[in-house]
Amino acid sequence: MRLFALVMALSMAGTALSSAAAAAPGKPAFPKALPEEPIPAVAALPAQWPASWVLIHDFHFNAILDGRVYVVDTAATDRPIKGIVRAAQFANMLVSPRRGEVLTSETFYSRLTRGERTDAVTIWDMATLQPKGEIVLPGGKRQQSVTYPQLFQFTNAEKWALVANFTPAQSVSVLDLDSRKVISEIDLPGCAQIYPTGARGFTSLCADGSLFSVKLGPDGQAISSKTIEKVQDIDNQPLFSTPAWVGTTAWFVSFRGQIQAIDFSGDVARPLPGSFNVGTADGAAPEWRPGGWQVIATDGADKLYVLMSPNGREGSHKDGGTEVWVIDTKTKARVARIPLRSVATAISLTKEAAPRLIVARGDGEVDVHDAATGAFVRSLGNAGGANPILITAP
Amino acid sequence: MRLFALVMALSMAGTALSSAAAAAPGKPAFPKALPEEPIPAVAALPAQWPASWVLIHDFHFNAILDGRVYVVDTAATDRPIKGIVRAAQFANMLVSPRRGEVLTSETFYSRLTRGERTDAVTIWDMATLQPKGEIVLPGGKRQQSVTYPQLFQFTNAEKWALVANFTPAQSVSVLDLDSRKVISEIDLPGCAQIYPTGARGFTSLCADGSLFSVKLGPDGQAISSKTIEKVQDIDNQPLFSTPAWVGTTAWFVSFRGQIQAIDFSGDVARPLPGSFNVGTADGAAPEWRPGGWQVIATDGADKLYVLMSPNGREGSHKDGGTEVWVIDTKTKARVARIPLRSVATAISLTKEAAPRLIVARGDGEVDVHDAATGAFVRSLGNAGGANPILITAP
Amino acid sequence: MANFDKWTERLTRGIARGTSRRSTLAWLGATITGAAVFPVLPVARAASGSPHGGGGGHAPISSGNPQDPGDQASCDYWRYCAIDGFLCSCCGGSVSTCPPGTEMSPITWIGTCTNPADNRAYVISYNDCCGVSSCGQCLCNRNEGDRPQVRPQSNNDYNWCLGTESSIYNCSTAVIVGVALDAPK
Amino acid sequence: MANFDKWTERLTRGIARGTSRRSTLAWLGATITGAAVFPVLPVARAASGSPHGGGGGHAPISSGNPQDPGDQASCDYWRYCAIDGFLCSCCGGSVSTCPPGTEMSPITWIGTCTNPADNRAYVISYNDCCGVSSCGQCLCNRNEGDRPQVRPQSNNDYNWCLGTESSIYNCSTAVIVGVALDAPK
């Protein structure tokens, strides 16, 4: 009865088909009609993404609980967006070509904005963007922040993931990604951010300007730790928390443009000597300073790229920048200034043979520049969503 | 230990307070500092909202799962937004000053976009906008559409609510709001939309152009029903599904401007004789037709307000309008044309003694006009969110 | 309640083929002018930042086939005559495939659009892609042949993420499922 | 894990009052110029449609008190010197109260802002309002005195919807909780 009624309703709307091969009064130029297309049909991605692809995190201010990560081909002249991965409620994202997985660390409520809270890491297949599984994080303590990369990191050769917690008590959860379990939790009072350190461990930045390195045992518990004093002056020369990574060396820049490298290859973090400044230039009021959310990038070799604001002063560190300065870490000299098309929030370089500089602008547009010459190559439109704030080159 | 560490961390940041009463080197004009303000502090609304208040539904295209309803004071010269009520995932909203409640009919997933589905009606207190309770709707069949008012309606003197289902099988669930239970479900093959009818019942529009009226018994089951044939010509002269209500009489307008009143006061819907057209005017190409999402409103007496597009043709019915035409239902004549400031999607009138015409524009801005003169009074900015598509005057 | 969800998987083509109400088709045909520039819902215009919706800095997407002309990232593309939503062409899919990570709805609404190259009227199925939140790119709304919700398969206001694991809407495709019997002149 | 959530309810005032690191305060004071027009994060500018964020057609909101001057719907208002988020003044609340339907977070970050009328440096607590999704109105981001996340209560990047029933963020207030000991010149 119900079935019949619906068929009736549909038929009343009167859509009629002939075979696609039937003669139609078309132009002679096209004797055959366009073929029927299959339903359902869902696109897939290559298991190994090309080096021109990046992940752009859309914080989505107007619906923070519905953040996303856009998979973007920066070489595309059309269709730059390859897919979208959910990144709900101040999420963090990790990608592992080795595992063939994208991981998101998220928070959910049973009634969208209220009800029961569930924190979970979801594991997405890089080829299908379908979920393969999840690891529920108990206790409702996952740190929620405007997204920083160093709140969710791998260690132990990408077999484990580390999740920052903040209630505001600070700790780090250790997740075994293969068994899909939380295996331990390391208390981290007074420290924040996670920098993978050594074969199995991490380092955090602490409130007094020190570093704190933790070595983990095979069960995920801390087996040793060490404080490295006076690495940064948080009052006057704080480091942006997000560095540019060259292997296990992280290149940090401070609010006032001081470059500091830290070697995380051993069990204990080791600040490298030879800190230097990105320098100055005319045309600023009062001065040039790094500004934005993701302000430093690298070509994987000797060049650093720093997003610079001409309105540098106290409080300008998130204002975004209008130029990218290219610094040679060998000579500690600025080798180029790249003018951007608009104020930008985040920069990154692709890992292509000839890297591209990817620029997420404050107005949401994403621009591609040639990293070697600085020349503008193309715009990707709003391929990073409403509020692109972080760019990850897998 | 943990406690100590956090206190230490906080103290290192160095925020110091004196009493607000302490002497400070302020200007002599202000010998005392501004007083401390209480924490926590949450605003409340009047239990009975002023007649200038409306509810504006933000469909939120860029995050449909995070739709909202804005409570808006259209008389406010500042602070037009009074609060926000969640309206998740193609939600519908009902308001009852008599009950002191706003009701939302929504859908949730346990992992935001995936996982277990829960459909539920949430009951919100009009004075606090806090949830008072919910009624879970089993079966995952709640109709999800771009929001129409007639998918969620009261009957039985606001003791019951009716929820449209679509899987695409069509039915109506009957909810007892006081016992917070689903008490029955009425199959409705081939029909859509819900118009409260008589003391306890409803009418729907059916695919062949007929109406179908259902009378409900005290247990929520159908005790009688009746088909009213040939009320509308859906091919050529379909009615917009959302009418303007004057008591139990609903004034519908068709895609081509034909006005049709239907009396829903008895157990069976009764189309009223005297259908007429809103008329024509110059300056259109090819012609003036109603256009938008909520295109007809009333002053509660003899005047209808119809949102008109100058680009009227097949397919223009959702394009929005640039003028509001005022029609006197007694004389069946157009008595005024109100030019709008921008293309609009939805119109409604407040229930004030001197009603205001509220206009939700395509660019998201909300304008207030004097309903009697048509004069622009004020803009409320984006007080209806990103995509205001429905305005409800409680 | 009868279990419709499984049954609906067979609807899209099955029902469409099994019916032949030529009068409606003729009416549809008469109102379609595939080569024209169509206005879109104001919200689509505003959201896209383009007077016709769908723009927003998107480079044109061509089929490469002269018999299937136009920009598949534009609301004006001929197949989109009754579309309502985000174009999958801009979201990681194409005009006829869903983006990775989504599931294509097996049931949907149907439009009849004229291909300006071969002048044939094609039946277009606007299958939604589901399980990922609003794509946010290339929002379009065109309503040639759209009718109120009493005619479900002629109405683009329904969330057609039905019969899918999740009803969360991501974007809409425009799939050729056949040529209309009574091709409009 | 120790149960911090209850304890944190006492933090906002308690900790702030119990400490007296004047050097930091002095540094804060030196950098505050309450009367200037502050730039905001580009996303705030873009989202608000105004060069300084927070505009978007919002009529000015005045306290009516000459000792508390400025537009509370504008990012430039003196109390907002370290705010990050939607202004509750535009969302159904006020500069110091949360909108109906939300819950005010008991713990938050602290800024020190100079009132241009009385030239005092006030300690401002930016309590978030929680349990309702992003308000979407008057997005502002100012960072005078903002420090990295290693200093939690000087960092506005955290979601401070902590210790509340829901951690969903709606908007931010700017509540006067005292006058700084070392008022800047």
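Note that the chains take the letters A, B, C and D in the order they are written out, and that residue 1 is the start of every chain.
Definition applied: contacts are C-beta pairs under 8 Å (C-beta built on N, C-alpha and C of every residue); 3 or more make two chains touch, one makes a residue touch a chain.
In this text, all values refer to a predicted model and were calculated from it rather than measured experimentally.
When chain centres are set by their Cα atoms, the one at the greatest distance from chain B is A.
Looking at A-D and B-D side by side, the one with more C-beta contacts is B-D. With each centre defined as the average position of its C-alpha atoms, the distance from chain A to chain D rounds to 27 Å.
Per-chain Cα centroids separate chain B from chain D by 33 Å. With centres set at the average Cα position, the gap from chain A to chain B is 38 Å. Our note on geometry: chain C versus chain D, Cα centroid distance of 46 Å, whole angstroms. Listed for chain D are residues 2, 4, 11, 23-24, 132-134, 136, 147, 150-152, each touching two or more other chains.
For chain B, the set of residues touching two or more other chains reads 2, 6, 9, 12-13, 62-63, 65-66, 86, 89, 112-114, 168-169, 190, 207, 386.
Residues 59, 61-65, 89-90, 107, 109, 112-115, 117, 139-141, 143-146, 148, 166-169, 171, 185, 187, 190-193, 205-207, 234-236, 238-241, 293, 311, 313-320, 343-345, 361-364, 386-387, 389 of chain A are the ones that touch chain D when the two sit in their complex. By the touch criterion stated above, chain A contacts chain B in their complex at residues 1-2, 4-6, 8-9, 12-13, 60, 62-63, 65-66, 86, 88-89, 106, 108, 110-114, 118, 120, 122, 131, 134, 168-170, 187, 189-190, 207-208, 386.
Contact residues of chain A toward chain C in the complex are 2-3, 6-7, 9-20, 22, 24-27, 29-30, 33-45, 66, 68, 71, 77-79, 81-86, 124, 127-130, 365, 379-382, 385-386. By the touch criterion given at the top, residues 2, 4, 7, 11-13, 15-25, 56-62, 65, 67-68, 73, 89-94, 96-106, 110, 112, 115, 117-120, 122-123, 125, 127, 129, 132-137, 147, 150-154, 170, 173, 175-183, 185 of chain C touch chain A in their complex. Residue ranges on chain C touching chain B, taken from their complex, read 1-2, 4-5, 8, 23-24, 27, 31, 38-43, 45-47, 81-82, 84, 107, 131-134, 136, 139, 141-152, 157-159, 161-162, 165-169.
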